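All chains are identified by letter, namely A, B, C and D, in their written order; residue positions are counted from 1 within each chain.
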Amino acid sequence: MNKNDFAKRPPLGWNSYDYYDTAVTEEQVKANADYMAANLKEYGWEYVVVDIQWYAENAATRRSEFQYIPFDKLTMDEYGRLQPAVNRFPSAKNGSGFKPLADYVHSLGLKFGIHIMRGIPRIAAHQHMPIKDCDTTANEIALPWPVCEWNPDMYGVNPRKKGAQEYYDSLMELYASWGVDYIKVDDICNTKGTNQYAAEGEIELIHKAIIKCGRPIVLSLSPGPALIEKSWHLSRYANMWRITDDFWDNWDLLKNMFDRCELWQAHVKEGCWPDCDMLPLGKIGKVFGYERDTNFTKDEQLTMMNLWGIFRSPLMLGAEMTLMDDWTVSLLTNKDLLRANQYGKNPTQIFKDKTKAAWVSVDEEDGAVNLAIFNLSDSINKITVTSEEFNICKIKDIKDFQHIKDIWSGNNISETVKAADYKINVELSPHASVFYRLT
Amino acid sequence: MNKNDFAKRPPLGWNSYDYYDTAVTEEQVKANADYMAANLKEYGWEYVVVDIQWYAENAATRRSEFQYIPFDKLTMDEYGRLQPAVNRFPSAKNGSGFKPLADYVHSLGLKFGIHIMRGIPRIAAHQHMPIKDCDTTANEIALPWPVCEWNPDMYGVNPRKKGAQEYYDSLMELYASWGVDYIKVDDICNTKGTNQYAAEGEIELIHKAIIKCGRPIVLSLSPGPALIEKSWHLSRYANMWRITDDFWDNWDLLKNMFDRCELWQAHVKEGCWPDCDMLPLGKIGKVFGYERDTNFTKDEQLTMMNLWGIFRSPLMLGAEMTLMDDWTVSLLTNKDLLRANQYGKNPTQIFKDKTKAAWVSVDEEDGAVNLAIFNLSDSINKITVTSEEFNICKIKDIKDFQHIKDIWSGNNISETVKAADYKINVELSPHASVFYRLT
Amino acid sequence: MNKNDFAKRPPLGWNSYDYYDTAVTEEQVKANADYMAANLKEYGWEYVVVDIQWYAENAATRRSEFQYIPFDKLTMDEYGRLQPAVNRFPSAKNGSGFKPLADYVHSLGLKFGIHIMRGIPRIAAHQHMPIKDCDTTANEIALPWPVCEWNPDMYGVNPRKKGAQEYYDSLMELYASWGVDYIKVDDICNTKGTNQYAAEGEIELIHKAIIKCGRPIVLSLSPGPALIEKSWHLSRYANMWRITDDFWDNWDLLKNMFDRCELWQAHVKEGCWPDCDMLPLGKIGKVFGYERDTNFTKDEQLTMMNLWGIFRSPLMLGAEMTLMDDWTVSLLTNKDLLRANQYGKNPTQIFKDKTKAAWVSVDEEDGAVNLAIFNLSDSINKITVTSEEFNICKIKDIKDFQHIKDIWSGNNISETVKAADYKINVELSPHASVFYRLT
Amino acid sequence: MNKNDFAKRPPLGWNSYDYYDTAVTEEQVKANADYMAANLKEYGWEYVVVDIQWYAENAATRRSEFQYIPFDKLTMDEYGRLQPAVNRFPSAKNGSGFKPLADYVHSLGLKFGIHIMRGIPRIAAHQHMPIKDCDTTANEIALPWPVCEWNPDMYGVNPRKKGAQEYYDSLMELYASWGVDYIKVDDICNTKGTNQYAAEGEIELIHKAIIKCGRPIVLSLSPGPALIEKSWHLSRYANMWRITDDFWDNWDLLKNMFDRCELWQAHVKEGCWPDCDMLPLGKIGKVFGYERDTNFTKDEQLTMMNLWGIFRSPLMLGAEMTLMDDWTVSLLTNKDLLRANQYGKNPTQIFKDKTKAAWVSVDEEDGAVNLAIFNLSDSINKITVTSEEFNICKIKDIKDFQHIKDIWSGNNISETVKAADYKINVELSPHASVFYRLT
């Protein structure tokens, strides 16, 4: 098994976090899966992902004090493996875990994913719980420090201890038995603190456990920012890794993503997807106590879609799908954008400064060129891209283009463009962008 | 009560750590107390301090793997307050705590001290144990992160939570009932990590709890290095604070102490003692698995005594006292050195570079001048101190001295020294020093 | 000579920078000196200081591009010593330097100060100019790197090179011959870059040169923030040192000064004055291209005066004095405030958090207690100071006070305050403060 | 012109620095070029590079004090462009520059390179010298700070100033007129200080100036370590960039290179060569005052060649070639190693820990696999590489190999290796390595 085959193209899906925080229920997951199957599946959207603390019975019950209640009860089996809280996921009763829910999602022709925290429950360590298929106990593999700085549930696992691989094997064996297709492992990509890649060994353990379990589970690592100096390691063991800290509907964060994409542009490859994080579109924020329509303007939403699209970020939708309006749906169903995201090879930044950026990629099958131009400033901005700038990006064999299509309007903006003196001028509103497909 | 009255002069005593690591027993503490009473008390030595993990039944039983066994059993009362392990301190049976041992030490005319880790036992938080005299439970005041980087026993306490002051009050009430005279609180002076003074609030809680308990318990803070930018806060709430990380019998550490003393020289005041850490003299290292006579040469031992002495560091002996030879005893019983340590006002560095240093202080009662000169280099070194250099240190009213006494040999090296052209020349072996008393 | 005698109390004066930037002229300096002599001298104000680039003929002529024109002409004598630009200081013609201007200031009963940059002119090094009374040339003592990050005129001097002391001796000899009473040396207290105290050796050279020159020239070091870990060194060699970077009329900077004063409170001593920087009151900013009345509200101006006053910062006025209104003058002529600044011993912060602060000091002669209470928040704030809090600051022997005088209104707010249950309540507007004198 | 065509494969050559420091002469350069033409050209070695300060008449004349004499005379034309010092390069007389020497090197069938420091001579800025073909003067484009921390000759150039591009154009025009084929630009790849990539804009200026000059000059950037987060920028504008600081004949530096190669492994591409620095083989160090045979053992020399070889570092020889012994020559003339260096695609680290490492690459033409195994420890080490480990590196289609050739001994160590259970065991002396070619 080659892990790069598990995600040959950037994964497309939905994640419960942006709307439901720690508190999503089985019913809500199913409603979103139903929506996806009916409306988005045909465009390639397929993953339905249950995010953090599905094992916490009391999740979000003291939300004004804590996002994660410290030292609270976690649902767990006799091997210290977390299980869905039955009050939230009734089908998990009698030790069924997520199998019934995964089966349901599969029945819709979709794939099922879950979030986990790196490590082993703290209470499992303090109670010396056994590791499955191993004569070791949790206290022997748990690392008393450092601990995750933002979630109090787990201790890290010491990869040099006997029992460490066995523990992760027991997890992946369980998840495979449930039918999990995708795991988002948290507190692992950037562990904060002095050594931000302290979980390097655990990444390897999890990768090996996935290969052993025999199911092609996509491995997604959070949170970011991933360390560029570990790009080789991430490429070897994971399918996706977050290149920023949590992304929300805030222009500063969106603007900053241009810096992150610049940094990671040489590392976008089959099975290896630097991840710009979820798309905070439509209705979001409910359980956080701040339900809202996305704070992004329409221009900013398009700018986000254009950047994530051309950069080939995985696209994981944050909206409560059943509440989406037509505009939001239109952002998710543009075939040219999705084509660029799935087939646009070698995404390359042409230029970037404080006021503008431009990116290019080439369709790996039909050779069409994708070109996105962005106004990063707070004023109207006239921006020009020239063929000389294309050359600097080493797009080989720039030919004469017959058509330049604005993918969002569908209009052709030009009949013929000569490669020798190629020049495209655009005038963009603040934070706006265009995405052209040149054929 | 004014905490500065609890330690008007630098405390002198013995600490179990350097020889016994985590594993000292009641019998061993008593033997050392007996020795101190018989041999050192008359020179001013008085504190007998039981260091870390007296509450751990299994302390040091897996020493090749761990100094502190993670997630292991700790002896504790129903309020999450740690108690002496009865297998090691038999008199603590039936909930007597350290009272019988403290009574014994007091009966010898000495004072009794203990070490504690900042915070509340982790297992108390996970088990939601009650706080004494308060309707709160341990999980409500425990901080899930950050955690101590080197000892796995405790969680920090959140000073802004109801129950936090009550928890520390319950500790000091207990220690006062035992008859504790001195507490060395660890993981508090420099908490490592991003914010090295993260325990600022807990220092205030402990100070207030001491004042409330009504017993003048000396408050000693570890580990170092203390932050010079918090000198004002330390001076306000504590009696002693470590100015380096753990000190051992290693020349590089000793040489580095000159940098630390330089840094802290303006902060040596009544009730406020920057602390150079224990004196690793005589036999040390047994339970660490490396029993030895101190690695310091005799010259280095004198250099340490001279620096600690003139700087007015607290003097806490690390040696197993019952195994000391006459040489080691002689270091601890020099009346001129102890006089300088207890009465030498305004210790001031005259100069320091990579090869040499000199310090001066003035006896607050008789006006004698203490002068220590150090060879920090690895070669023989001729060093001169002039009256001009004295002036730069603002020693007011330098008079003509009649006698310069070498305090270690007892010899007078000169009859008269004229203030106007004061000049002392010494030739010192590598790492050696002299200590003169000028009258 | 003891440098602490040069500034036994915090210096009070005027500095040309806040209004005139790099471009003040002789005429303007004289006008301000005249004003001071006529109106402020009786309150203790005495220093008149010419700030940066008096040697630059073209200073401020390309102000929109540069504050300091790089590689431009500097007026200099044959020994690489900078001289006043004659087009700006006509009395400096024929090599008279600042002597005529200093004589004028002295004739008014005031003192004269100048600003210099640490080091030797870059062009002197490139042209191999001779050092006075020494057979070395400038290139031999100049340090090619690092260079000052904000002013391009000078290279640093290597204190280990022959000629380095001689160069600074030649400067101080010159300044003494001019009659300079005060030098503000810049690029020396915090040199920025990797080693922020890179000029440690040059501070010693300048101190020694002052002692040698025989004139008690006050040594003021800029810019800040000074390094707290070098407090001992600064106290030994300088009279004043800046504890922040440049201070201007901005509330955030003023609020931040409370952090800096907290940090430095233990280091305020005779001859050793941590310096909060100039008072940007009245008319300021002209040559910067932004002439204005201070942006501070009246409450903020009082808060600044109260903090600088009780902390015993040197008070150096930034206003163009001839344009001051009565309000501004009233801030500079309050006898109780100036008394606290000049005689208030051991200024101590009682408490400080994000919304409030309080400070106390005791008059060294009459034992009156100065108490300042500050509202740091943006809302109205009720603040209480209790006798218990006084105790924590170790104000010995708090007695029963008969009078509490509000020094700005002159009113007595209370007849008698019992020490045992001392409690003062104030209600303060945003950014406002009170200053009480208790007798 | 595409800069990647200027160095389609890693450049091979000689550089004067390791032996001659700042002081090489024309005669010495010619002697080395003669040697290369006669003995190494046939193996692919072709560049002859004159390293730093060829413009300094007095270079190395005060070597015990300075490597670079500060503020000394530099040979320069009327446009502030440095010229070869005629006392060292006689053929440069009458303004001929390096043209005669380049012509000579070209006549041998080799290529000619020079070293330059980024920026413009300091003295040109202070003297306001004109920029060629531009109405600006040097002081207008020179940056007064920061300055290079180790060489005092130059100021940086402000890329936003008019005249900046023109200045670099004038340099490249001159170098093209001389016939320069390769420039090693120093103080540009890592500029040290706060912003280590402060010369980003100057890299672009130089790249554009090369393209404009019309000569395919290879652009090599020093010193390292290059910043991995700027890999995309380096790849776009340069041909080679140093991945460490200066490399010398020291095992710690060699061992550290394994970390650096790990970091940069994904960035080795046509026209883009992460550079391990010069090979300190044979006789080196003369003008540094420490002439010696390389301190590396033979095993270490082979380890260096194997790592540089498989990683595809440029190979720039540091030895004085005319003094090389047969052993040294043998290291430079192994056809299999040079083949791997020039044709081995996708060099990939298989594993690395503190005691061992292994690397693999695949010949882009004949599909042979290059495998290098390294003992990084100080003891004899048995190391195994398995086919599973090959798989992790994504070497596609591992076939059954017929031959495993030890390229240094020439021996075949095995007849057939089955891909399915591929396993190679080696036992290596301390710091030793093997290099196998599998076909």
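Everything below uses one rule, namely that a contact is a pair of C-beta atoms (placed from the backbone, for glycine too) under 8 Å apart; a residue touches a chain by one contact, two chains touch by 3 or more.
Everything quoted here is computed from the prediction, not taken from an experiment.
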item	value
Same or different residue numbers at the chain B/chain C copy interface, by half rule	same
Inter-centroid spacing, chain C versus chain B (mean Cα positions, whole Å)	40
Inter-chain centre distance, chain B versus chain D - centres from mean C-alpha coordinates, in Å	55
Inter-chain centre distance, chain A versus chain B - centres from mean C-alpha coordinates, in Å	52
Multi-chain contact residues (two or more partners), chain B	none
Arrangement of touching chains [line / ring / star / complete / other]	ring
Complex contact set, residues of chain D against chain A	2, 4, 228-229, 231-232, 235-236, 262-263, 265-267, 349, 391-394
Chain A-facing residues of chain B, complex	70-72, 122-123, 125-126, 128, 139, 142, 144-150, 152, 193-194
